[in-house]
Structures are given as C-alpha cells and as structure tokens.
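What follows is a set of structures for review.
There are two complexes below, and they share chain A, which is joined by chain B in the first and by chain C in the second.
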Partner chain A sequence: MAENHREGEAAKTFDVRILRQAGPGQASYWERHRVSYEPDMNVISVLQKIAAHPRTADGQDVTPVAWDCNCLEEVCGSCTMVINGRVRQACSALVDRLLEQHPDEIELRPASTFPVVRDLVVDRGRLFQALKKVTAWVAVDGYYDRGEGPPQSQEEQEQLYPLSHCMSCGCCLEACPQYARVELTRGVDESPEEFVQRQAETYDRLFLGPHAISQVILFNSHPTGRHMSSLRLDALIAEGGIQLCGNAQNCVAVCPKDIPLTTSIARAGRAATVHALRKWFDV
Partner chain B sequence: MERRPVAASTDCRPFLARNEFLIRRLHSLTGLIPVGAFMTVHLATNASVLDGPATFQRAVYQIHSLGRLLPVVEWAFIFLPILFHGLLGLVIIRGGMVNTGSYPLIGNIRYVLQRATGVIALVFILCHVFHMHGWFHSELWLERVVEPLGGGRFRPFSAPSTLGAAMQGGLVIPALYAVGLVACVYHLANGLWTMGITWGVWAGPQAQRRANWICGTAGVVLGILALSALYGAMTVDVPRAVEIEDALYEARVTAHKLAPNERKRADAERTGRGGSRVE
Partner chain C sequence: MARQRVMVVGGGLAGLSAAMKLAELGIDVDVMSLTPVKRSHSVCAQGGINSCSDQTRQAGDSEWKHFDDTVYGGDFLQHQPPVKEMAYWAPKIINLMDRLGVTFNRTTEGFIDRRRFGGTLYKRTAFAGATTGQQLLYALDEQVRRWEVAGKVRKYEHWDFLGPVLDNHGVCRGCVGQDLVSMEIRAFPADAVLIASGGCGLLYGRSTNSVMCTGSAVSRCFQAGAKYANGEFIQVHPTAVPGADKLRLMSESARGEGGRVWVPRTPQDPRNPRDIPESERYYFLEERYPQYGNLVPRDIATREIFDICINEGLSVEKGRQCVYLDLTHIPRQELDRKLGGILEIYEKFQGVDPRVTPMKIFPAVHYSMGGLWVDYDRTADGGLRSASPTNMVTNLPGLYALGECNYQYHGANRLGANSLLSCIFDGLFAAPGLEVWLSSRATAAAEAPASLFESEVRRQQACQQELIRRPAGGENPYLLHQTLGEVMTKAATVVRRNPQLRDALREVEELAARAKRCALADTGQWTNQNLVFTRALLDMFPLAQTILRGALARDECRGAHYKPEFAMPHLTGETTAQRRAEADAWCTRFDENNRRWLKSTVAVWQPREESVQLSYEDVDTSLIPPRPRLYGLVGAALIEEVWNQRVTAQLARVP
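Our next item is the complex of A and B:
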C-alpha cells in the first residue's frame, strides 16, 4: 500500500473516520473525511489537513475537528486517542504504519474513559485528581532553605527512572477494565466551585488507576518524597484505592512508555497491606 | 443496631466503602485460606476413593470424629468463608467490565475467566452441597425439602456407596461436576497468581512469570486430583462398598469408637443394605 503511494500516483487518498461530538452531553456521530496522502504523515498532521479544509468525504462543509496536542514527541500525553481501536498518542501514530495495518482507512475515537469536551478533546481531570489524591509530588517549598536532599544510589535511580516517564496520558486507564467512565454534569443551582468540589469527591471514591499507584512507588522511594509516604499509603488504602485493581494487566501492556505498572502495583499492594496492618496494630 | 435485612441492603454501600481495603484483602485471603486450602484437602480426600472404599470410608470417619462440633467447623471454616468470598465476588464483578473485544490480551482474558469461573464455581458449590449434604442438618429440612428434591445424597457412615450411588446412573451429573470442578480449579490456580500480585509476593515481571508457572503447575495437579476424584466416584462398586462400609461401621460401634447413628447411614432401600446384612 505505502509502496504504491511512494510511486507518486496522482491524488492518492485515504479516508479518516472520526467519532465526533459537539460538546459534553451531546450525541456522538461518525464523520468520514478524505485526506490526500503525503509520505511521513502522523495523525496530527492528518488532523491539521482536515482542519484546513473541513469538508467530509461526501462534500459537506463541517466545523473543523477539534483535538488536543502539545509536544508532538510523545512526552506530554495530551494527544491520546483511540486510533484504529488502540489507545495511543496521535503524534507518534504514523500514517504509513497505520495504512499498512488497515489500508485506505484510519479510525479516530476520543479516549472513552474520559468525558468528551469536543470531538477528540477529552477532560482528563479524573486522572489528575488521582495524582492529587496520592500527593504525587515531592514537597520542597517551605519558609526556609532545607538544604540539599539526601543522595540517591545509582541502583535506586535506575529503578525509579522508568516510573518518572509517566506523562499522564491515560492509556492505562482507557485499557483498564476496572476503570469505568464517569461523566458528571453541573447542576442548575450549582456554582462552578461546588461542581468542581463534587467532581473531586466523586473521583476520589472511584478507582484511582495504575498511573497514580505507580507514582506512589516513585515518590515513596524518593529520598525526600519518602517523608510523606504514609500520607500516600493512606490514599492507597482509602475508598477507590489499590484494592480495586483486578490484575488484568492491560495497563502494562498498553503503556506507551513501557512503565512497569504491574510491578509498581504489586509493590504498592505489599506496602499498602503493611501500612494497613501497622495502622491497625501499631497506632 | 436495629436494622432490618431490607434496609441493610441499601445501607451496606457506605460500610463496604469505608472498609473497602480491609474487605477486599479479606476476600483475597479467604480465597486461599480457608476456601482454597479446604478445596485441596476435600479433593484429596475424595480422590482417596480410588484406593478402595475402605480408604475413603476411613478418611470420612476421621473427619466425622469431630462429632457434634462438625457443623460448627463446617459453617465457620467452610460455608461462611465460601459464601463471603462468593457473594462479595459478585459485588466485585459488578465493579468491572469486559473489554476483551478491544484488548484481547492474555491477562485480560484471564481476568474475565477468573470472574466467569467464579460465578460457575459459586453456583456449582451451592448445587453440590445441596446434592450431597443438604446445606443444613435439620431433620425436618432434610426429609421434607432436600431429599424429595434429590439432594442430601451423601451419608458419611456409608460414604463410598452413597457417593457412588449419587454420581452413577447417567452422565449428566458427572458432566456438570466436571464443568464445576474445572471452574473451581482454574479459579483457585489463577486466583493464587493474582493474589501473589495483590499482596506483593511476586512483583517484577520475571518473578510474576515464574509464579505463573508454579500456579499453573499447581492448577494442573489439582485438576488431575479433581477429575480423579470424580472418576473414582463414578466407578465405585456400590454393593461391594456397602459390605465394606457396613463391616467398618459395625466394628467401630462394637469397639465403642462410634456412637450408632442411622441418620448418617444410607437408606436401606436405596443401596440394598438390609439384604446384605441378613446374609
């Protein structure tokens, strides 16, 4: 297929089927666009072409398809979508490879675990709420200079570096059978602040997801981050915590950064049990 | 705590939510201890019927040496843990979804199978306990409900003959038992592997692969044990078993090792015990 394209036949095209949605709560619908082929395209450049000429394959003028992207080198996670049935980043999804798998057509869907903002743009707020819940950072700010942190061994660095690759893209959540989609809508008499609050409370009761569990291991192993380890473990054993993992291991299979998520889950499971027992018998 | 059962079903969510971690860990633990451990012992005991009716009957006498404590042990260490594990399992299944269509990965298929075999195992165990044991020891319940429905077939002091009689005469019951047994064995072996991840016993990918082999082997061994027990039950020579178990019973009663208990023996008309005793 791609070979034929390179031979420079006149006006080689392929179709892009996109699951569109005008806004939250609206009905979704499929739309077909025809895009002229160029070598070395990725899905973002396909979407740029569609945005430049927002016309469907049967000649109807439509609004441009909305999508999210930023770094264009698979480190920010914002262009995550379901491409040909597989969740991945649009920037690193090369058209030549996609057409080898499915000639003449590429299918684009928004990640189904998150509420759609518009077309391929989703609200990953629940993902970030989980990171807040587990305190996925090292607290370094304070009123006085705390000096340098303790050093980290080479071995420890090598073990933790892969965990730091997480770009909060949400692929693991899309594939996880324990992570069901939740979409809340703002009530008529609800202020935006109240809605955000209710959203956070709802998300906190639901499964936090493998990405957040892995971040607990990352920051609990960090020489300074370790100081807040019991706070993070408290979050892991709270409602919606690590106990909801079903061990399907889809997360580790789809992670674009090859993060050993199930290893983190096992280590976090062990730490969480010890923490729960300590709370039960020691405090 | 004045709570009616009806209200409890709507009120149980906050309780489950508040103690979610503890309850899930207990669910995981009960799968192995006591449920998995009991299942292994139970299959081994039943497979002993392959060595002959006497071996099996002696094994059953050993269990029934607990006497009046037996129902307590049964409920505390077998029935209640199974019910807890099984019913909570149904709640857990509701919290997940099947996405093997989009992600046909081996781990994902095992995740679905774990839930499917869990449901099959729960239904099978309920039927099996009804079929053999009758659920409760109440005379009235057994005579009026269980036995007319074809349950409560097993009599501990006539163990091999009643086991054989219950499993013979048609292939439907053995086939259902085979399905139930395979489901139970898969659920235990795969559950052992996921339990090791849940508790952090095997963490790294290599360790998990190694553990996978160990759990898989344990599953195959248990599967062989389970199907041997089934085969053993299907091939018991019932009239010969009656002679052997009656001889054992009478020897024990004469030696004052056993209080006579006709309720725990086979119905005379079913196995022709009365006839053989006259000889």
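Our next item is the complex of A and C:
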C-alpha cells in the first residue's frame, strides 16, 4: 500500500517553461519541461532535476539548461531570474507557492536588462562597474594595525547595516525602467583588454542604478567613508548619474533584502543637489 | 627580471584578504574565482568572529585563553604555534575589519558588541547581525575592487582552476584555468599560487556548503602531488534545516543569544510546542553539560542530538529526525537586531516564524577541519615567524594554501566563529612571507620556458576532449554525485564504524570507475556547465577516498571523529573508591591513546594506483599539554581530578 501511495505521488507532475538562448546574438526560444513533483522543492531543485534529465515535455533530448547559483539561501545574489513574471532569487522561489499562483506551470526567463550569456545566465558586469564609479569602499590608510575603528552609535549601525546587505543580485536593475539593456560585442581587431576598457567607459556613461546610489549613502554615512563624500557625489551628478532616476520606485518593491533603496535615492538626491550648488558657487 | 605576479585561487575571505595585503605590499595579483568574488561561500557564515577584547580581558580572558579554548576544542590535534599566532592576531583583525567599514553590532555606548559562542565561557564573538561572513566578505571585496581600479589586482571571475603548473624541480610556476563562458583554457604564469578555495561539502551531496564547494581546486593540487592532512575530520554542524537542495545553516549564534535545544519528554508529543510545559521538556544539552549547556562544542552537540533522535527515539517528528531550537522566550526586537538574517532564512524557506514557534533542526555536514598540508616557521617562543615564506606553503614550493582548504588551525573540531578568523589571518599573515619568497626567486615565472605552460594546457585540452567525445548514453554525473553523497553521509559523518567505512570505500571506488564512463549531455564549447560539473565530480573521488581511508585507519574517538567501538568508558562504579580506580584506568588509557593517535594523518595521492597512501606526523603540543576533553560533563569531575593529580606528580618528578 505504502509503495503504491508513493508511486501515485511520484506521478504528480508540473510543467516548467524556460526561455532559452544558446549564446549572445542567438535567437531565444521557449522550451517546456515536465518535472515530477516532490515536497519542499524550489526553483533550484527543479533546475537540478532538469540538468540530470535534460528531456523536453514531448520527449526530445536537449542540452541541459544553464543557470547561475551558489549559496541557495539568498545571501550570494547569484540566482537572479524572472520567475512567473517577477524578478527574484530562484533559491527562495518555492514550488508550492508558485503552483498556488499558477497551477501546473512555472515560467522562467533570464533577466532582460542584462545581456544573456546562455539560457538563464546573464552578464551582470555592469552592476559591479557602477561600484567602481561611485568609489564604494572605505579608503583606509592600509592594513597595518592602527587600533580600533571609529566609534559608532547603535542608531548609526542600524541605519548602515541594511544598506550593507546589498548582494549585487541586480533585481532592482531589472525592475528599473531607466536601466536600459546594453549589449556590446568585442570587435574583430579589439584585444580583450581593450574590450573591457570600452565596456567600462560605456557603462560609466549610462545610468548607474539604485544599488550603486544606495552604496553612496552607505559609504557617505560611514565615519571614515564620508571623507570621500564629494568624490562619490561627483559620480552621482556626472553623466549616467542620479538625475536619470525617474522615481518609479520599482526597485524597492523587488529588492529581496528589503533595502530601503528609495530612501537612499531621496537622501542621495538632496545631497547631490547641495553638492552641485556648492560646485557652482565655488566656480 | 620580468615583473612577478601572484595568483590567488578563490575569492572568499582568505583569498581576498591575501589579495589586498599583497597589493598593499606592491605585488601584482590575479584572482581566479568560479563566481564573482562577492558571491563566494564566505557570505554564508553567520554567527561571528572571535577574539578576546578589552571587556573579556577584565573577566579573566586573554589571547592565551582563546588559544587554549581552540586547541582544547580541537582535541589537541593541531600544531600549536599557528593557533597561538592566530589568537594573538585576533583582536587586531577585528579592529582592521571595523576600520574597513564592517557594520558590527554596537553596544549602547558605541563599542563593538560581543556574544558567546560554543566551546568558551567568554563573550568573545564580534558579529554583524547574523550575516557576519557576508559583511566581512563585502568589506574585503570593496578593498580588492579599490586595488583593481588602482591596477594592482586583476580578476578572473567565472574561471575554473584546472591545476598547478610545476617545473622539473617540482616548483609551482603558475596554473592553468578555464574561462567558464568561452571555455578557453589558458596558462597563468605566477611566481606563487595561493589556493584559497574553501571546503568540500559537496562530497556529501547536500550540506550547508554552497554548490561551488566541490573541493575540486584542492583535489587537483592533491593529484598533482600536494599532501592532504586530517581529511577524516569533517564537522557536522548541530543545527541546520533540511531542504531538498541544501541543508540550510541555523547559526550557533542562535544558542549564543540564549536559544535552547530541547525535545518533549513524551516521544513525538503531538501538542503545539508552546503548550508543552517546562516540566515536560527535556533540555538535554543543559542537563548533560551543566557548565557549557547549549554551547558545548559542535561535535558534542551534534552527537547528543543524534543520540536523542536515534538511540532514545525522542525526535520531535515521527517520520523525520529533528529537535527544537527555541528562541521564543527572547524579545522580538532583540532577535531582529542580533539574529535577523537567519530568522529570515528560516521564515522564507520554512514558512514558519521562529520568533513565535520553535525551529526544527537537525545536524548537517558543514566544515572540513582537514585540508592541504601546510608548513609553518616556528619562533622560539612558540609563535610564527613573520614574513617567512615557509608559513602556509604546501609541500610543493610556490604553492600555498589558505583558509578552510588548509588543515592548520582547527584540529579535530573547529570552534564556532574561529573560521572567519583563520581565513582572514591566513591572508594577512601569508602576504609578507610571499613577498620574501618572490624576492628569493632568480627568475620570474613569466620568463620560464613557454613549453612548460603549453604542455600543461595541451594536457588539459586533451582531458576535456576525451570527456566531450565519450559516446552518449553513459553514466549520468548528477546521479552518481547523488549516490556519492549518500555513501559519504552514511559512513563518514557523526558515528563511524569500520565495517561501514570499508563498504563505503569499496562503493566509492566503484563509483569512481563508473564516473569514468560518464557521458555529457552537452558537448558544446560555450558555457558548458555539464562539463564543468562532471570534471568536478571526477575530482571528488580522490578526496572522498582520503576521508574514508583516514577515518577507517583512525581507531579512536577525537573531536568530530567518533567510533563508538573505541569510545572512552563512563565511570559506573558504585563507591567513590571504585570510581576513582576507574578514573585512574581511564587516564592511563587516555595517555596510551594519545601516544598512538595524537598525530596528523597525512595523505599522498598515488596516481598510478589511483589510491591514497597514509602516513602520520607528530603534533607540536609543546605549548599546552594535552588533557582530557570533558566540558564539565556530568560525572567527569573525578577524571579531571585524577588527571590533575597525575600531572602534578609528573611535574614533581622532573628534576
């Protein structure tokens, strides 16, 4: 009896529709997989099952679907994708909940704002470039022992800690209407180094994104980090800066870590305005 | 001489702290990582980082006591000088991380707040909520990005380390890597290669580790001739939440902040846990270990949870093994401030609010105390000589190992919140030694004959072609991995028995043979994850064999390695005199066992036989003499008393 019961359960299946793409510049296409249901699944365990048995719902053998993941507990930011129309981390997307919303089918797409590398894997290099642009670090003298850091109140720590949770997943950028996709390809006579350089320069001219604006607030609020405030504010008022934010407030709605991105943007906007005015009067 | 470079493999705490320190010393650094370094497994560390502080000092703590707790917790299996050096560096490391902007929790007055962790009686652990690893990693990631902008560091993210390049003197002159996007294989000449690739939890299928913790980089060095030590010492963390894809860690800090582990006294009591009165709850850790309570070291807590569920049948659920980890007596606001990160994980993945309902947890494979064998340069007073190229070097000159992937600090069992410390310490301490190593080299790796690198690249390309050309319909790598995980979890975790270990070894050898017939479902040359996984799987077998052989050979109980057959007896005598005689016999046996087994297991890979050869190495216990590890166990006071009398008598005999 128990055996029969188990077999009966194993027969329960659901479909996963995946938007696939073999590589950059190639056409994308939908592919349907049928997965046997088990309790406590998430989208990662679904993709693991598909990798182990890469066969479509109509029985065709295909290459396994490529995707990014690492920690599987929503702290590394790797597994960003669009699941049932919503950008999020695949590890915390639980199958039971997804099937409650859309019975029998789950839809997976790569984030559309980044160039597709393959299938669900996208190139998010641009979001890390923005961290360089805004000098997202504390410029300490060095790594020799210089005693304790600057004292901080509990209130200050409680304000900074949520901001320092940004795992560079890119969900906010996928949701942001101002963050348009840009896809560059290496020229035939371009060296890899030259290509990287051209990519960085291009990215620097485009909107840097809510994640980077929030990092400006993080470091400009830190007792030592704030020594470089004006450098970061320069980046905010430069080409591709905070003026491009259209205040859609989508970023804060999709952030998996509940980072108060719009609060950061508002604070950064005020600081940037004051900074710009000061610069005019200095001239 | 051409400019020298250092290659760092792995971008977690150990790799990044090394990279930033090397860059500060003016050395050009390459960092190779499977993932953007900000996504490394260090982000999963939750609870905190240890050091004695001005406050614990006034309660009687010191660097020496931190050192003592670490070796006692590790059951004396670690060489003491590196541990001592680490403990003395610890306060400085926390100060540095504080200066780098880590958002450590603060006291009302603004000092770094501390909490208690396992295996100590002092509140030594600095923390940033329950995401300390993430916060420390981000601070280092930011510093390395700063050096990247300054042109001192180049990152190779989404690259797989395929192996070291050794010259005909056996000196490491660089490595070969593969771009995981374009699948290009190329050599990286380097004047030193630092392996900082973390643990190997994926050998066990599901664990608390991230999916990239396959141990492949370490295994590739091992197969190239690097020694591997104490492989059998695998930490099983007491508190994790079982899941279909991963066992999610619930930090020891939950107990550090007052969390209590219990089961209902009535097996599988169907009542809501909140309705079970105190008198009907069995707080088994608190009852069995009155001194340390819920904060006994991990190996002990894990064994007790196992014992409660399996031997005593007191698991909370009938079909599944688990016990309660209860935080519900702690005010919500305090929980959110100090443990928010893990509570969110539990809530998101289990759909239950742990602030209101006790969590259900069970042990899971977590950390490898063993790793690549590394050397150290001892000073006369028992510390490490700074700026010595001998520190952290493997037996292959020029090849270093840092962080979880070396065997150096944690002996037979790691104390909570010591791993973040050992990783950052390794990176900071190794860098000046590497500077000296570089200056001692007559030629730069960039000037070595091109043929040295070309032949290694060709060999790797041939290996890959062989994998790709295998006929379809062979073994499935994902299913073999699942089986490997089951075999390892059954035989080489909490309780180990020789017949099971022998069976497991045979099964692993069979699986290794079957893995050679794995067929790829993807034979393409673009972002081929199927190929990368299969190659990592093939490299799991040498390490799996090392763990099993080490465990089979070691007929004793030490830290995380527990064989009931060789467990030390309890004192059962009825009269004090009987118990004293038993305690005396206990101490004699303890002494004899140490003479035989207080040794590091050192494994060497035999490529022709495809098997592991073990030898044993004495442990430097010159600073703190080994003593019975009892943790205030009920009834252990007598053993301690007898042992202390013996030591006193021994000292009196010394002229």
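Here, the second predicted complex is superposed on the first by the 266 of 283 C-alpha atoms of A that agree within 3 Å, B and C clash if a C-alpha of one lies under 4 Å from a C-alpha of the other, contacts with A are read in each partner's own complex, and residues count from 1 in each chain.
One rule holds in what follows: a contact is a pair of C-beta atoms (placed from the backbone, for glycine too) under 8 Å apart; a residue touches a chain by one contact, two chains touch by 3 or more.
The model shown is predicted, which means the values in this text are computed figures rather than measured ones.
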item	value
Fit or clash - chain C, chain B, common chain A	fit
Touching partner for A:237 - first (chain B), second (chain C), both, neither	first
Which of chain B and chain C A:158 touches, first, second, both or neither	second
Partner chain in contact with A:121 - chain B first, chain C second, else both or neither	second
Residues of chain A touched, compared between chain B and chain C (which is higher)	C
Contacts of A:23 with chain B and chain C, given as first, second, both or neither	second
Partner chain in contact with A:146 - chain B first, chain C second, else both or neither	second
Partner chain in contact with A:267 - chain B first, chain C second, else both or neither	first
Partner chain(s) touched by A:254 [first = chain B, second = chain C, both, neither]	first
After superposition on chain A, the shortest CA separation from chain B to chain C (Å)	20
Touching both chain C and chain B, counted on chain A across the two superposed complexes	none
Of chain A, residues touching chain B in the complex	85-86, 175, 177-178, 180, 205, 237-250, 253-254, 260, 262-263, 265-273, 276
Chain A-touching residues of chain B, taken from the complex the two chains share	17-18, 20-22, 24-25, 92, 95-99, 102-103, 105, 107-108, 110-112, 194, 196-205, 208
Complex interface listing, chain C residues touching chain A	20-21, 24, 35-36, 38-41, 43-44, 92, 95-96, 98-101, 103-108, 110-111, 128-129, 131, 134-135, 138-139, 142-143, 145-146, 148-149, 181, 210-212, 243-246, 248-249, 337, 341, 345, 348-349, 351, 428, 476, 478-479, 521-522, 524, 526-527, 529-530, 533
List of chain A residues in touch with chain C within their complex	22-23, 38-42, 44-45, 48, 51-54, 61, 63-64, 66, 68-78, 91-92, 94, 117-118, 121, 124, 128, 131-132, 136-140, 142-143, 145-154, 156-158, 160-161, 164-165, 167-168, 219, 222, 224-225
